[in-house]
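Chain nomenclature is as follows: A, B, C and D, assigned in order of appearance, with residue numbering initiated at 1 for each chain independently.
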């Protein structure tokens, strides 16, 4: 296996609520190789967005913090503990991020061209003219039609899909090694989603990017992921190559999630809902976070928390039922 | 994965209000002023109207802690009694402005269409018109009296209330729970009274406390110009005016009522601010 | 079409005026144009399409939450558009709505009991203890504990709130439910709970339903027939198996192909989707889909195909499948 | 942009009409007889009648209304009852003083208020923020005449740095500034308090926006994000609110002019009030209404300049 571009080890992110710190992300391990898309899939409150923000050094202080012992390595360089100035040099240059709402994530009072050029100017120290030419090149790259004319338009003059292309252009302007995509297609219609997903895939292949793709949609995962990390209540509960995950889900949560999804390609008969609700970060007990909703939970699941154990060469799972049996 | 859309009355606002020390300062200042007004005669039993020409323009002494004015009246007694007038006029005019203004705003917001357009542009004019000049004009037309003062100040503050009530009405009208009410066959009256008004009341009340401060300021300004309650009744604005006329001989005359106004208005502003910070969902973003 | 329809809609149209002002003529948006369909007794019709296609407007027109401009809506033999006052109120007893956003669709200042009791009282269906009894029954029916009654909406999770919303629609014992994206704001794991609940309730009460959604997977699971909308028009309508396994309209095919499937064999089978959804303010002439259509003919740019009946209750508006179907 | 400008100005016309109508109604429909107010309770019936004829109050209301509007269309705001001079002449004679004062206040307010507001927002909930908030709230709590009297007491009477009566000699620039200083400081202080407050809350809103996070994700430094991304967006509501504040500002300048005994519109109004110069008062109201409506239009146009979304709508 090639040297990972991004390696997250034992990442814990806490938020202050009612005078106490609660972990929104707990002991997360992830890694991404060049030309690899790792999909992080989970429901609301699973901590997937917080994980990405932590990688960017954008966990909002003072309400949130990265706990001691966490490690985030980008091409071998430790990011946790870097100062703001050093982080600014990395952000947007070596690692970039695109967000869910392309409407609100762009500055309404700056033209699209200025916003793309801004990152180039910040990281490459280019002059206004050169930065503008570079911005045009990137906008062409992400297939914004007649980019030369449109780069002086403002974000509100673009459609949702085009805005997301602009976001991608901004992220890729400085040729980052890793792209973090936080539900970039959730706010888009399915036909537009398909276009944006193909764009990300093409760019990944052409530029050797590592992509961390966050989504709640298992269907999207199936389309784009090489590997998958399933998150629940702040933890990674299962990682697997995409094909194997859908074929043989190992964690009861993954299994239940697949069984509860209505599908467009075939009749599934009766759906099997997961009982109960996604827990908030303040109400997680000492045991497995999924135990209260798990159909197979045993006494031990409620008492102590399982570890993420490797299973074979490429998989791992956090479940007593899997690790206990040989 | 939509985050819970912030519903207008934020939960736990009382806790946030209590946690804010400046709101407490506001509460304390207002409580002090209200108590002083209520217990004026008990605290300082001198008659605010009793003239004593022999003792005019006296500097502060033990007998007259704040001195005496041009007619030899006790300034402290006048100050305490003036508090009643200021608070009464403020409270009545705000009650009037709040009731009528909110009703106009809610009607405009709910009905929409040309009615809303007409009301809104009228409000814009009224809102940007110099409050003081408007009050001045009304009192000049009606003649100065306490009732007219209340009306004049109420008129100057209709627009802010209408505006504050209108915006959330429009938001709430578009909310699914109001639409659900229509789908359930509820009447417009029921939708407004049961489903819309309770949800915007908190905002209106916050504005009321802030505009009460403005009302008291306007009343003082009108009195200062000479269009307030007729003498010899004591008002803070009137006292400053009298003090101002003797500012070279007896500067303390203007000082005491100035501070009284300042304390009252600051207290109300602190209180209103604290309330708004506690309730306004935008202010809660951390 | 099967059995006798409980609801039939003919030539329904709705225009909105947007923008405009003193010196500017407002633009007209044709949110719904010439929509016709029927919903059979005890059936569920799905209404799918992408944002701005007019599906939500159409749903609201049925209850007259939005006033249609033209066309006919007949519900249980009654002309809905001619109803007013008390008659309209009676209609809304028999036809109810479930909303998308479980956070916005409940009044935050009313307890669950108040929310559920209010429709009963307004319609004079129950008084005194009978109200409480029916509120309790409604809670039980949607799977909420009886002690939910005195609590406020913010004390519940999204899924539970959606149950309250469903209970509110059910207390009036309607015959027809209009559900506008009822599960799209919910977490995947909770979505199935609510879908199962709706299924059970339909069964138990013999409800008919119009189910609006952008999620084809959900529609396939819930509905019997599906109508596909594009820029205000129904472009295809057919029984579920036909729409999903033998779609005819190129737009339906594109939509079907772009809908992700949780199956790793689907990896990068992404269709080449052409262009973006045009603005509803300025829809293309001819067939509105022709600029994005991979198999557009010359005539598609000039003429608009009518919705034509093929065999087996499959209707489609496309020259490829019904060449004679000129307007 | 040209079209936007035209459209906005055209929009001012009906508003202006509405405002004029409001002034007219206020002057006529309000209970009470202007003639009686002007002449007092002791006036004879004949005198009252004569004044009513002179003011045109004997004619039917619609006719009066048309006369009134016609006059305004011709640019005629009427004549003063007392001096006989046209309202325009009276206004033009004193407006430079008021204009100077108001502009100085706005200048000071923006100069100090915007940086203070940004500073407070960035240090949210820390001590400097609390102090700034207290300062701005206190500044807003002073009725303009109270702060004016206090300034006068301290700087003119006690310290004697500035003249007590602010009536500058013509032609002497230094004297002019000395005379302007205290009144301008008074209004500027209140304005600063106001601008600080609005900037702070607007800035807090903007700092929570997604695009600020995007800018941070691009690796743009904190300072650049603040000035390039946040401030420009934060100033949009500030511009509107400052425009809306013009009414209050005019009211405050009236009080300030009275305290400092400075010529200007304030003293003109007060004089008209004291002398019951009913026609001058009405003319002044019309003048103010027009001024305000135009100022609002100007604010909106400024808004359009900063916010591209408004321009293209």
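Note that contacts are C-beta pairs under 8 Å (C-beta built on N, C-alpha and C of every residue); 3 or more make two chains touch, one makes a residue touch a chain.
Keep in mind that this is a model prediction, so the values were computed, not measured.
For everything except chain A, show me which chains still form connected clusters by touching.
one piece
If every step must land on a chain the current one touches, say how few steps get you from chain A to chain D.
Shortest path length, in steps: 1.
Compute the centre of every chain as the mean of its C-alpha atoms, then state which one is farthest from the centre of chain C.
D
Please state whether B-D or B-C has more C-beta contact pairs across its interface.
Result of the comparison of B-D and B-C: B-D.
How many Å are there between the centre of chain C and the centre of chain D, using C-alpha atoms for each centre?
Going by mean C-alpha positions, chain C sits 53 Å from chain D.
Return the distance between the CA-based centres of chain B and chain D, expressed in whole Å.
Averaging C-alpha atoms per chain gives centres 20 Å apart.
Starting from the mean Cα coordinates of chain B and chain C, work out the distance between those two points in Å.
Here the centre of chain C sits 49 Å away from the centre of chain B.
Going through chain A residue by residue, note those that touch at least 2 other chains and give them in order.
43-44, 216 - these are the residues of chain A that touch more than one other chain.
Could you tell me which residues belong to chain B and also touch two or more other chains?
Touching at least two other chains: 1.
Return the residues of chain C touching two or more other chains; collapse runs of consecutive numbers into ranges.
As it turns out, chain C has residues touching two or more other chains at 158, 187.
For the complex, give me every residue of chain C touching chain B.
By the definition above, chain C touches chain B via 60, 63, 65, 88-90, 92-93, 96-97, 99-101, 103-110, 118-119, 122-123, 154, 158, 165, 168, 172, 185, 187.
Using the touch rule from the top, collect the residues of chain B that touch chain D in their complex.
Listed in rising order, the residues of chain B that touch chain D are 22, 121-122, 124-133, 136-138, 140-143, 213, 217, 220-221, 224-227, 237, 240, 243-244, 247-248, 251, 254-255, 258, 261-262, 265-266, 269-270, 273, 282-283, 285.
Under the touch definition given earlier, write down the residues of chain A that touch chain C in their complex.
For chain A paired with chain C, touching residues are 43-44, 159, 161-162, 189-195, 197-198, 201, 216-225, 242-247, 256-258, 260-265, 267-268, 270-275, 277-278, 293.
Name, in rising order, each residue of chain C that touches chain A in their complex.
Counting only chain C, the residues touching chain A are 50-51, 157-160, 187-193, 195-196, 214-218, 220-222, 244, 254-273, 276-277.
Quick check: in the complex, which residue numbers of chain B touch chain C?
Where chain B meets chain C, its residues are 1-2, 4-5, 7-9, 11, 175-177, 179-187, 190, 194-195, 198-199.
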